[in-house]
Structures are given as C-alpha cells and as structure tokens.
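The structure under discussion appears below in the form of structure tokens.
Should a chain be cited, it is by its letter among A, B and C, assigned in written order, with residues numbered from 1 in that chain.
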C-alpha cells in the first residue's frame, strides 16, 4: 500500500509545493503551525481539493495528474478519511454509519452489517450499534468514525487532527485506541496534527510542513532530537540556535558566540535542552565557557517544573525547579545570567 | 419625541381610513342629489348622474355602442356597465351589489329577483336566436346541431344557469341530440374565446355574439323550428339611487337609442 | 406624573387589526356554514366528484413538482452557470403572476394552437386543454415554484461535510444524493411539499382559463365553489369551502413549527 504524491497547489495565500511518499511501513504525521497547509494537503490527497500541478498515485495507480487531465474524485480513490469533527450521518445509527462504505460499494446489507458490527467491537463500542449519531458522546462518535473509515479497508488512511475536537477526558483513551488501530492497519497511514503529544504517541515518521513547504522530515526520534526549524524546536521544547561554525565555535548572526564540544564547520544548528541551562543572578565562575547575560522574561510554573524565557544575545528557555524560582526571585524579572556546558550542546549541520 | 409622533400617527391613520370610507358614500349621495330630475330645455337629455347597468354578456357590444349615443345626448350622464353571465349578475344583485338596472338574457334569472322583491316590474326589450359558432373556414364542416354530436368534434357550452347554455341544452334535448361538451364556460364570451383560440371546434351562442365575433368566427344557422323563445327582460332595480335615469334607460332599451343599437347588433325587437 | 400608555400597547392594537383582517372572513365562513346539512350538500351534484378530482390533481401536481422541481433546485443550489440568476427569477415568476395570466400563457404554449401544444397534438394526438392533465399542468405551474424555492434553500444551507465524508467512503454521486443529501433536506422538503400541495389544491384562475370546466375531468373544488356561488347554490359552495378550510388548517397546524423556523 503506497501513496506517492507530488503536489503543487495555490489556495488563497497558501502555496503548497511538496513531494511526499507514504508506504505501509511507517505511520507518518504531518505537523506544522496553523496555516501551514496540513489540512489542505490532506484534502488534496483525499480528492476533496483539486491540485494545480503534480501527480498523486495510490498503489502505483495515478489518481490525479492535471497535466494529463486525469482526476479521480474521492469516491474513486481507495482512500479513507477520519475528520476532526466526526461527520457521522445523523439520520443513521452507529452500525449503519460503519456499514455505509461497504453498502456504497455494493456489499449486501446483511454482510455489511455483520462486518460493521465486528469493527464496532474492535473499537470497543458494540453497545452503541443502534444509537443515533446524535446520541453519542464526542469520544464515542470519533471512535465510530474511525471504525467507519477502517471498515472499507482503504489503501490509504488519512486522519485530520482526529483528537482535536474530543474533550480532554476522552482524548487519552482515544489516543490509545488510535495507536493500536494504526499499528494494525495495513495501508499507508497519514495523520495531520498540531499536537506534539499526539505526534509522539502515534507516528513513526514526522513530516514538518511550514508555509506550504516541507522543512524537515524523518524518523520521529531523529526529527525531535535534531529539529531544523524553530517551530519543531518549540514543539519538542528545545532551544534551537543557528549560526556559522568554525572549529569549536558557532557565531550567531548577532555576533554572540557559542562554544561547543564537537568540531563543526559552516552553517550549523545548535540545540540546547532547557534543563541544561543553569541560571544565576551573578556571573558564575568555573568551567562553563558559555555564559551570557539576559533579561528574565515570562515564567511558567507547571507542577514540579518551571520554564522561563531569557532574552538576550542568546535567547533561551531555561527549565528550573520551583525552589530555584523562589531562590533566584525569578518572578521579579531583572538581569540574570545563563550558563550552558559545551558538552550539553548538540550541533548538526543545517 | 419619536414616541409622541408615533402615538399621533396611529390615530391619524385610523382617522384617514374612516374619513375615506365615509367619503365614498357621501360622494355617491351627493351625486344623487345633483342627479335629481332637472328641468332642462332638451327632452332627450333627461338622463344624468351615475348609472350602473348590469347586463348579460351577450348584450356587450350592443350596449357599448349605445353608450356612445347616450352619453353624447346626455352629457351629465356617467354610465357604467357590468357584463357577466345573467346568473352571476342576479346573484350579485341579491348580494346588494350597486346596480340601477338589470338586463337579463332570460326570464328565469329575472324572475329570481322579482320573487325576492328586488326589482320593479320587468319588460321585454329584445329577442335573440341561437346560432352555432365555429372557427372561420368551418374546418370540421359543421352543418347543424346534429354535427355537434359527431366524434372528433370538440364542443364547449355554457354552464348551468347561464341562459345561453340552458337554452342550448333545452334545444338539444328536444331534438334528442346527445352532446358531451368538453367544458362548461362561465359566459358566452368565454365560450367564444375557446373557439377563436382553436381549443374548441364549436359552441352555441346567440346570433348577436356571432355577429360581434369578428373575422375569426363563422356562424351556422339553427333552424327557426328548433329555436326556443329567447326573450330579454329588463327592469329597474328597486335599490337604485338614480331612479329617473334608470327608468329612462329601460325606456330607451324598449324603444329608444338603446333599442336602435340592439337592432343594429342583430337582436330582434321585443314585439 | 404624566399619564403614559403601557409600552407595547400600540403594536398590540395593530396586531389585533392584522388578526381581524385574517380571521373575520374565516369566522364569516364558519358562521354561515350549513352545518346541519353538510353531508347532504357534499353529496349533492358533483360536489364529491369535485373533491375527488381535486385530490387527484393536487397530488398529481405535487408529484410532477417533486419530480422536476427537486433536481432543478439542486442544480440551482450546487452548480454555477451563466444565467443562473435569471433562471432563478423565472422559476419564481409564477408565484407573483396573476393565475389567470398564467392560464392564458399556458394556452399560448400548450393549447391546441400553442407553439408546443401544436407539435404535441400533431405527433401524438395528446391535448392538455379540457383534459385532467391540463388541470394538473395548471396547478403545477402555480405551485412548483414553492417547492423549488424551499428545496433550493435547503440544499444550500445543509451541511456539506457529511457529503464529503460519504464521498471518501466510496459513495458515488447518485448514492450520496439518495442516502445523505435527501435525508438531510427531507424535513424542509416535506414542508415545501405541503405548501406546494396546498397551493395546487386551491388553484382556480389558471385552471379555469387553461384546462376548462367540466365535472369529473377539470372541475376541481375551487371551480365548483365559484360556479355554485355564481348560480346561487350557496349551501354546496359553503360546504366545499369548509372542507378546503379544514384541510388547509390541518396542513398548517401540522407544519407550523417548520415554517416558524424550528428546522
């Protein structure tokens, strides 16, 4: 089961221009900021939106090619979609919803219903079979929507922010279900999300989409360990700096210099974990050669962790303990010194 | 300020409505007083004021021609007609429609009003004959009443209670001819329209209607032996507000300008 | 302390006026009705025939309106084409045209000498005038616009997302229409259909002008009421009027919520 897409598409202010390959071996998550074009991409793949240039092929069969005047509508593509808002058919029962795709392709009623019942059991909702869509909770409805899409056993399964509209209480459980169902599903699976937890839980590969272009893609672990854009960095909670490297020093555009432990050359990323940043009110002595002054900015305390922005020649987010917050009186702001060990800095070429 | 104006407005509108309603009636009553018999030099110019004549549809062109003559001779006369099927008119008069004169196409409808005490003694002012009306050129080759029963001939007649229709049915029954009309029209004018428009092949109306029908209509004679007695009665409506003019019109219909117009249109004199 | 009218009195007074305009004639009808002889009057000359014919023609007009009107409404709602605004205006024209004018227009088009009717007659021998089909056509002419307007509005305002979902599940356009679109607009269509049927039931001017007047074939209930009043058969006319009034009331009360906008 493969999806091979080269898409050129202009929609309003958005210019989508990318190439994407998904096969059955890895679940791909498309992440990115709002307006990057993630949903537009998903709709184009599903056939709900025309592309201007390029080619989309499913299992080797071309389903869209503007240059060849070829375009299969959604019903002609072997694609299943789980939408953000379940979009169940409100006049049908849950069972009839799940059976819909099968009946639409000609499966006899009894057989379709039997299969639909199996899928409902698969998603853990055998008891709601007779209920109308309007009688289900948000989480239940989304599960039924998942079963409905899976029931047609599509070659490509697309999910558009499947957890976004589900309330927090049901989300974890649904995420768990999605994870196991996605593992089981043999098709090419692509999920669009802006939630890093969702991406981390469900995906094997990440594709980062920013402003219509892919800025980074690769295995989840790699992308999150070595972000190549600010957006990914903030998504995974890493500090990301970019500069020109020479030997063991990286010079930032504003002139500040970072000393690193690995030899590097040319355009280089430097990633620093927030908990590797230590803060002091006075300039520290000792080994760290990376010591910068800054202004203590926004402070967020969450449980046993606190994050604070430090604005200065080297802008950073530092993670400290609440005790440190109190001791350093960080809430008052003011001048602060940040220090990072060279060995705590990860460098990789741009 | 706005609220005050609005409160003024509501009673003001109501007042205007009331005044206009009263105005209509005061206007007619004032015209009655001016319409009282005036002593003028001319004898023929005795008709003045407003006169509403309710007349059977078959009298349309004759009475319209008469109007020209009458208003020329009587400049103070405001003559209006209401043409419809005689049964319709009789019902309207029973519902107190403002008629001054009723000219019916048959005695039956007049009798209804006589019995109800709504009209003065009627007089016969004209006679008419039935005639078959067909499209110009007579494509279906209709030669007489018997041909109306031929299959393939589309016939329309007038509805029950419309004098022309009743007379026709009376004649057909006495000749034992069974005609199934495709439609029963509300008056002779509608029936003729169906023939001129080509929807119907034939209808039976009065000879005066055929004469007035123009180039699109051709007539086929119904023999005198089959003709019913078609007499037109006319009467003054008792509730009239212009008795003098009403009576003058009735007199004219029997033997005056209106009678001349009737003869010219093909009616026979009352005898 | 100034003597002020309680707020809302003026609108209430005017509202009562509106009510009076509508209700008093109905009261007059009910009050004059021959309740004691109702059954006999309805069985009298042609009354029952007219009622039965009215049911047949009005349901026929509804059927034709649905068959042709719903697809047209769908096209108007979903497809953009040059002249769409004009088509929409034309389709609603019969709603504002005086029915008699409609009847005359129908004659010129579908009468035996009409430009379309002539061809029909020459080729098939079929004619609408003086035929029950003519009564159905006349009623359809005046009533179908109601259905088209309601249906188009429903198609436009329905949530298209369910249709998209259906497409991704493999449902082809006809299947989607049948199993997703139609159920979604069904309530609005029902309301529009009831309105259409009621309009067809009450049609007079176009019917008598175009189709003719003959008991059992073209003499629908409104025509018989008119003729009865004209010829003094008040009792039958009133009895029939009551039947029409009762039917209209049932339809209106049953669908009141839809029209006030609970949909």
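Operating definition for what follows: contacts are C-beta pairs under 8 Å (C-beta built on N, C-alpha and C of every residue); 3 or more make two chains touch, one makes a residue touch a chain.
Given the structure is predicted, the values throughout are model-derived calculations rather than measurements.
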Please find which chain has its CA centre nearest to the centre of all protein CA atoms in view. C
Using only Cα atoms to place each chain's centre, name the chain farthest from chain A. B
In angstrom, rounded to a whole number, how far apart do the mean CA points of chain B and chain C lie? 34
So what's the Cα centroid distance for chain A and chain B, whole Å? 88
Which whole number of Å gives the spacing of the CA centres of chain A and chain C? 56
In the complex, chain C residues that touch chain A: 161-162, 164-173, 175-176, 179-180, 183-184
Okay, in this complex, where on chain A does chain C touch? 46-48, 73-75, 79-81, 83, 85, 87, 89-91, 100-101, 104-105, 148-149, 152
Within the complex, which stretch of chain B touches chain C? 6-7, 10, 85, 87-88, 90-91, 94, 112, 154, 156, 159-161, 181-186, 194, 197-200
Taking the touch rule as given, give the residues of chain C at its contact with chain B in the complex, in rising order. 5, 10, 13-14, 107, 111-113, 129-130, 208, 212-214, 217-219, 227, 229-232
